[in-house]
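In what follows, subunit A forms one complex with subunit B and a second complex with subunit C.
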Partner chain A sequence: MNIMTDRKTTAAEDALVERFDGVASSLPGANVDWVRKMRETAMAQFKALGLPDRRVEQWKYSDLRAKMREAHETRVESDAISESDIYDVLGVDLDEMLSYRLVVADGVFDKELSNIDGAEGKFEVTSLAETLNDPPAWFEEKFGKVNPQKNEAVLALNTAFMSDGVVIRVADGAELDRPVHLIMVTGSTKPGLVTTRNFVHVGEGAKLTLMESFSARRTPDMQRNCVTEMVVGDNAVVEHVKYQNEGRMAIHVASWLTELGQGADYNAFEFAIGGAMARHQNFLRFNGEHASAALSGAMMLWDNQHVDATTVVNHDAPNCQSRELFKCVLDDKSRGVVQGKVIVAKEAQKTDGHQMARSLMLSETAEFDSKPELEIYADDVLCGHGTTSGELDENLLFYLMARGIPEKKATALLVNAFIDEAIENVRNETIREAFLLRSADWLGEARG
Partner chain B sequence: MAAVRETIEQVKDIDVDQYKYGFSTDIETVKAPKGLDEDIIRFISAKKDEPEWMLEWRLDAYERWQSMQEPEWARVHYPKIDFQDLYYYAAPKSAEKLKSLDEVDPELLATYEKLGIPLSEQKMLAGVEGAGPLAGAPGVAVDAIFDSVSVVTTFKEELAKAGVIFCPISEAIKEHPELVKKYLGSVVPKSDNFYSALNSAVFSDGSFVYIPEGVRCPMELSTYFRINESQTGQFERTLIVAEKGSYVSYLEGCTAPMRDENQLHAAVVELVALEDAEIKYSTVQNWYPGDADGKGGIYNFVTKRGDCRGDNSKISWTQVETGSAITWKYPSCILRGDNSQGEFYSIAISNGYQQVDSGTKMIHLGKNTSSRIISKGISAGRSNNTYRGLVSAHRKATNSRNFTQCDSLLIGNDCGAHTVPYIEAKNSTASFEHEATTSKISDDQMFYCMARGLNEEEAVALIVNGFVRDVLQQLPMEFMAETQKLIGISLEGSVG
Partner chain C sequence: MLEIKNLHAKVDGDMILRGVDLEIPQGEVHAIMGPNGSGKSTLSYVLAGKDDYEITEGSIVWNGQDLSELEVDERVAAGFFLAMQYPVEIPGVGTMNFLRSAMNAVRKARGEDELNAAETMRIVREKAEALNIPLDMLKRPLNVGFSGGEKKRMEILQMSLLSPTLCVLDETDSGLDIDALRIVSDGVNAMRGPDKAILVITHYQRLLEYIVPDKVHVLSKGRIVRSGGKELALELEKSGYAEYGEDEAA
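So, the complex of A and B:
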């Protein structure tokens, strides 16, 4: 209703504000003026906004303020993470995938576990903490300014608390022969709040596949706030994939801030099966003409999981194309949220933008919320969106069962046929096959 | 693309000055003092000779309103309204104590004549040709509302024979208090939103319709709203109750003079459909949209809601929105009864500096409920046109169905078209489908039409009428042709 109420800060909000004062001087970049100021401004903004609740339109269906009852310690005590830990959380296929491996363990870039042999001349990696302590000029110019968003409390919170992450620079024209696999794993036995930030700069005409994997080794209730800023140069080809398999009680908020240059080709995909409350925000901006982007995702949820995929695509340049496809399978009391917003600026003539969100509900108590928005200021455009929601088609089930396939197997077949359409959008074969295996497993033992 | 440039030039030059109903009538009026406080509410209530319970009801609403904030979520921009700088009551002096049509101020009759709404029953039966959006079709009972009061209601006797009550709500409060008490505020509660609370406190008139059990209303009912006085707000309240197995089709139309200032129109419409009843509610909204520079025009902040209270009931909203500087309007259906149906058909055309934020809510509560939304938005000039809609299915709404289609058409590149749909499924057996597209009239379509001898303007009119056809077909026969013309007028100058 419209009746005014005074907003009281929650325990989690108070704790965050208080902790910032305690840790500010020890955070990376504390001795660099602009970094310190950036953090302080962000904290002031967070104080003004508080954690987003359902009154904030963009967070209407995912009330973080209510879900995040307490804020864990921001200094995460790290128990050593070993090779076998990583194998455990990723499984054989992803662990053995031929890739450049970067490991961020408990919010700290771990050089020992990382391996980028053969990267010379193609790309460079440094830790964010090091870069913040001694920032080069190019970094200062770009960092924190990629597709900036106004009044996003979780982004402000990330800027205030970011402890580490990776800075990747792909050289102009470099074609990476294998994916860069960024493994964000927590091994601590105590709950903590992990805040990381990555910065990726892809040079003109370069080719990159970046995969971010999120897993918790020991603690099921980690809180994570991570951001990846990415600048995609002109004519670069980037595939950006995410595998989210957080702990059963985890709160996970991730934001990707991306800008595409002229003629760039960007393919983003998120596979989400973990977390108690997870939200992935994809903010994408077209800066140059003739670029194309595909954003897609697959969510498979059960129990009382709440997973949200939010996309905001700004068409600021003419002749660009965007495609979105999100699919959710919802069981038990889970809730899937798909919000998409396409904004076409006046200059962005000949924009072609489409969004699609589909959900398949396996139980009567599941919930699906969708809000596909279009905001269009140019007249020569072709934009559309669609949403569907429903249960498993009994006729299809009957068809399969009449041919001797037991109900359970028939259901699994149909669920996989549904979700795999989204997974097929992953271009990298190894990753796609790994995801298809996960989805096939999902109705069975994967619910550990 | 010389034609496109020409179009833009023309949009800048002409656009909305085409408004036909912009004259004002010089008529003696009784006004309440400016501003709003408890005394004004007492004044309105006293003027209407209302019973005590009604005054209490209003004062309670006023109290709630004071604690509320103006909603800001809609995609419309306007300077803050000074609610103390408005007249909340204005009535033609002669409008009091009317017994028959003969006593109506001839000036008033002339006004309605000019608007194409002949109020004389004889003339209407003779089928006088009119030019307005609600041109007098034979067999339509009209309740004419002028500023704050209802001046005349036609065909009352004939309707009474069928048992239908069709009268100004002020009269209903006195003569049918039990019905009013039972249903008023039962669909749109007093504190539902800022404007409904304001309306509940100060509403001065409106129509009341009651269709008894099993009756199919013998004729179309219609209300014609006219704002005449300057600096006044119009706050009317409509309540339609359809008893078991009854049917009614109701149409409203509205116009206002051209003035430099912005005037507020905050209405509340409540529909109640009981078991097996059907209500069809059509609106042709043509308030003054403001001039070519966006000066003046009506702020149309309306709360409309229908409650399918009984099983197998049906409520259908059809709206053609061409007027108003700002439209903020979401005719909704609460599908409470099992197997109930809700429909929403809308054409919203914006030109000049108009801002439209309109749509619907379909709230599925009962089993096997179904709803259908067809919305066509056309933006031209420098206008912004937003579709905002909610479709939700609650836990118990098993087997509910929704189909939504919202299409937008952009003409010129200074305008905007937006869609903000909310889809909430809390039930696995609910099946929702939603489709939306935004596009412009393609060069191919234009070429095709023009190659067959149509000039540019005719071609656009043909394509636009084709675009809105799904919705036009839902309008009562008599108004279809008029609406088609109205669409032509609204877009005149904005298209080649």
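So, the complex of A and C:
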């Protein structure tokens, strides 16, 4: 596929291609052969693909090329970010949540702001930049190879430009007593492009809650491309949560590339309230039998926000279960996109897969696009999907108001009743309560 | 005093209320009876201020205040309460949370202090007990999976929690067995008072043995066509509604 040859390139595409030649030699791992080659291959792929637009089937509802006409200056250095900046973007409850804290500020891992006291014997953290400059053998073996995707331009772009991030290695059998909170914030008020890459290896039988929080509130006009590769070992239990609260002009593309071992239990959740254009891609692959995964998300959008949750689940092993539930509350001219693809390989008998996407439309100008897809090559499976889209039920609203509850509060109660069903999928109580609070405040903020 | 004068109202373009005149002085309980489809529920919704129920003529005044000018929630703050014929189920909204929101919204609108969770719980428990509502019901989403009788009891609980002065009960007796009917009637009778006006809408005379009305009115085709004392209910029970435009089977 070579799209760039039969169409005019955009300023953003030109800038990215040109920029690569300039920065390649100064990016982490430039002195390591395989890293340099990996970046070059990725760049060649990006050159061939260009930014995805609506002609690319998987991006037809979210035309990144059209939304990102220009590429902002690549941000590889951290502007001063303080503890109080982090408090501001997280809010008191998440800031005070007992956690191992890892901070990536403007695309650079910030050791000063991070704190993993007590991690000894359970997990290790290094920065991606460090690791790329001096990669251990185990890292070379796995990195860039977790659930790889073909022809994904944003993944290629991430590999080409990744500046930093974290590498987390959880020991076999380690049970982390509190979540690892990976906080990705920006400090500069100037527009910027941040490319972050994280790599997480969860050992056999380990237990981990990893939360990724994104906020570019200080940098409203931020372009972010973040990838997290994760290997979940046999019988490991992982909760992977994302809090996307980017600035109002931000373009945010995040991709999770995950592989599950035998008997693994994986619970992924995304709470998305920020960004002008945001897409979260969840690529999940079952490699061993008897594993189960739940992918869910809550999106609450207003104004012109466009938020996309795309999942691709590959059932490559028999006897696995996947569940998906995505809910969107859409106000004003916002647009919510939920795409879910489930691919059941021939040998993946007894696969049990179900997906559901629901939207609550608060305005006539909002738009909801849902595209469920099933590709089934096995014959003994239980798979299904459903989509619903509805408005607020006037009868319920009347009932609440007939009990003295003013319209705004009554609407908020119904909005929360709708969206909280998805949020209830978060297992960690502190995080769940924090999201429930934000969903309760959302309507007041959206409607001013 | 509730004064309804020459009330005309349309639903979906159809004129359903065609000149209702009704006065209920404070301290009295009135009953409206009438065949199915005569407009009883429509009258209750028009009083509550439901959207799509358009008043084309006439007025509704409660203690000198024009109710038709107020939003649905403002009417409740002004003392109005409607126990609905078909209470809705609201999945995802916890009953206790809902009750507290309603109580505090009304208290706030009336200039009273809001209640904290513990205070709400104490008051709700006390009233729920009197209505034989198990605490377990309060922990569930509002009305979800409740039986018809449970829903009706929940309506009366809400009525007693919001301290209304003008109560309308739309077929609160339907779906109740004798025991539940007695409990619900006790709840309604407890609301009676010199400053209260109560309107009981029912298809059957049975309820009026427990909630004895001062006056009974017959609604037919959107108008009050007859009024009388409590003995009128007994008469209707015997004769049926045939002469008021509906056959016995309805």
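We take it that the second predicted complex is superposed on the first by the 433 of 448 C-alpha atoms of A that agree within 3 Å, B and C clash if a C-alpha of one lies under 4 Å from a C-alpha of the other, contacts with A are read in each partner's own complex, and residues count from 1 in each chain.
FYI, a residue touches a chain if its C-beta (ideal position, glycine included) is under 8 Å from a C-beta of that chain, and two chains touch if they have at least 3 such contacts.
These numbers come from a predicted model, not from an experiment.
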* To do: Could you look at A:373 and tell me whether it touches subunit B, subunit C, both or neither (first, second, both, neither)?
  => first
* Where does A:395 make contact in the superposed view: on subunit B (first), on subunit C (second), on both, or on neither? -> second
* For A:385, select first, second, both or neither according to whether it touches subunit B, subunit C, the two together, or no partner. => first
* So, A:403: does it touch subunit B (first), subunit C (second), both, or neither? -> second
* Go through the superposed model and pick first if A:272 touches only subunit B, second if only subunit C, both, or neither. => neither
* Which of the two partners, first being subunit B and second being subunit C, lies in contact with A:216: first, second, both, or neither? -> neither
* To do: With both structures superposed, pick whichever of subunit B and subunit C touches the larger number of subunit A residues.
  => B
* Structure fact -> After superposition on chain A, the subunit A residues reached by both subunit B and subunit C are none
* Residues on subunit A engaged by subunit C in the complex (per definition of touch) -> 394-396, 398-407, 409-410, 413-414, 416-418, 420-421
* Sites on subunit A touched by subunit B in the complex -> 1-4, 57, 346, 349, 359, 361-391
* Mind pulling up the subunit C residues that touch subunit A in the complex? -> 48, 50-51, 71-73, 76-77, 82, 84, 87-88, 90-93, 97-98, 101-102, 105-106, 109, 141, 158, 162
* **Complex contacts: residues of subunit B adjacent to subunit A** => 67-71, 73, 191, 193-194, 395, 408, 410-440
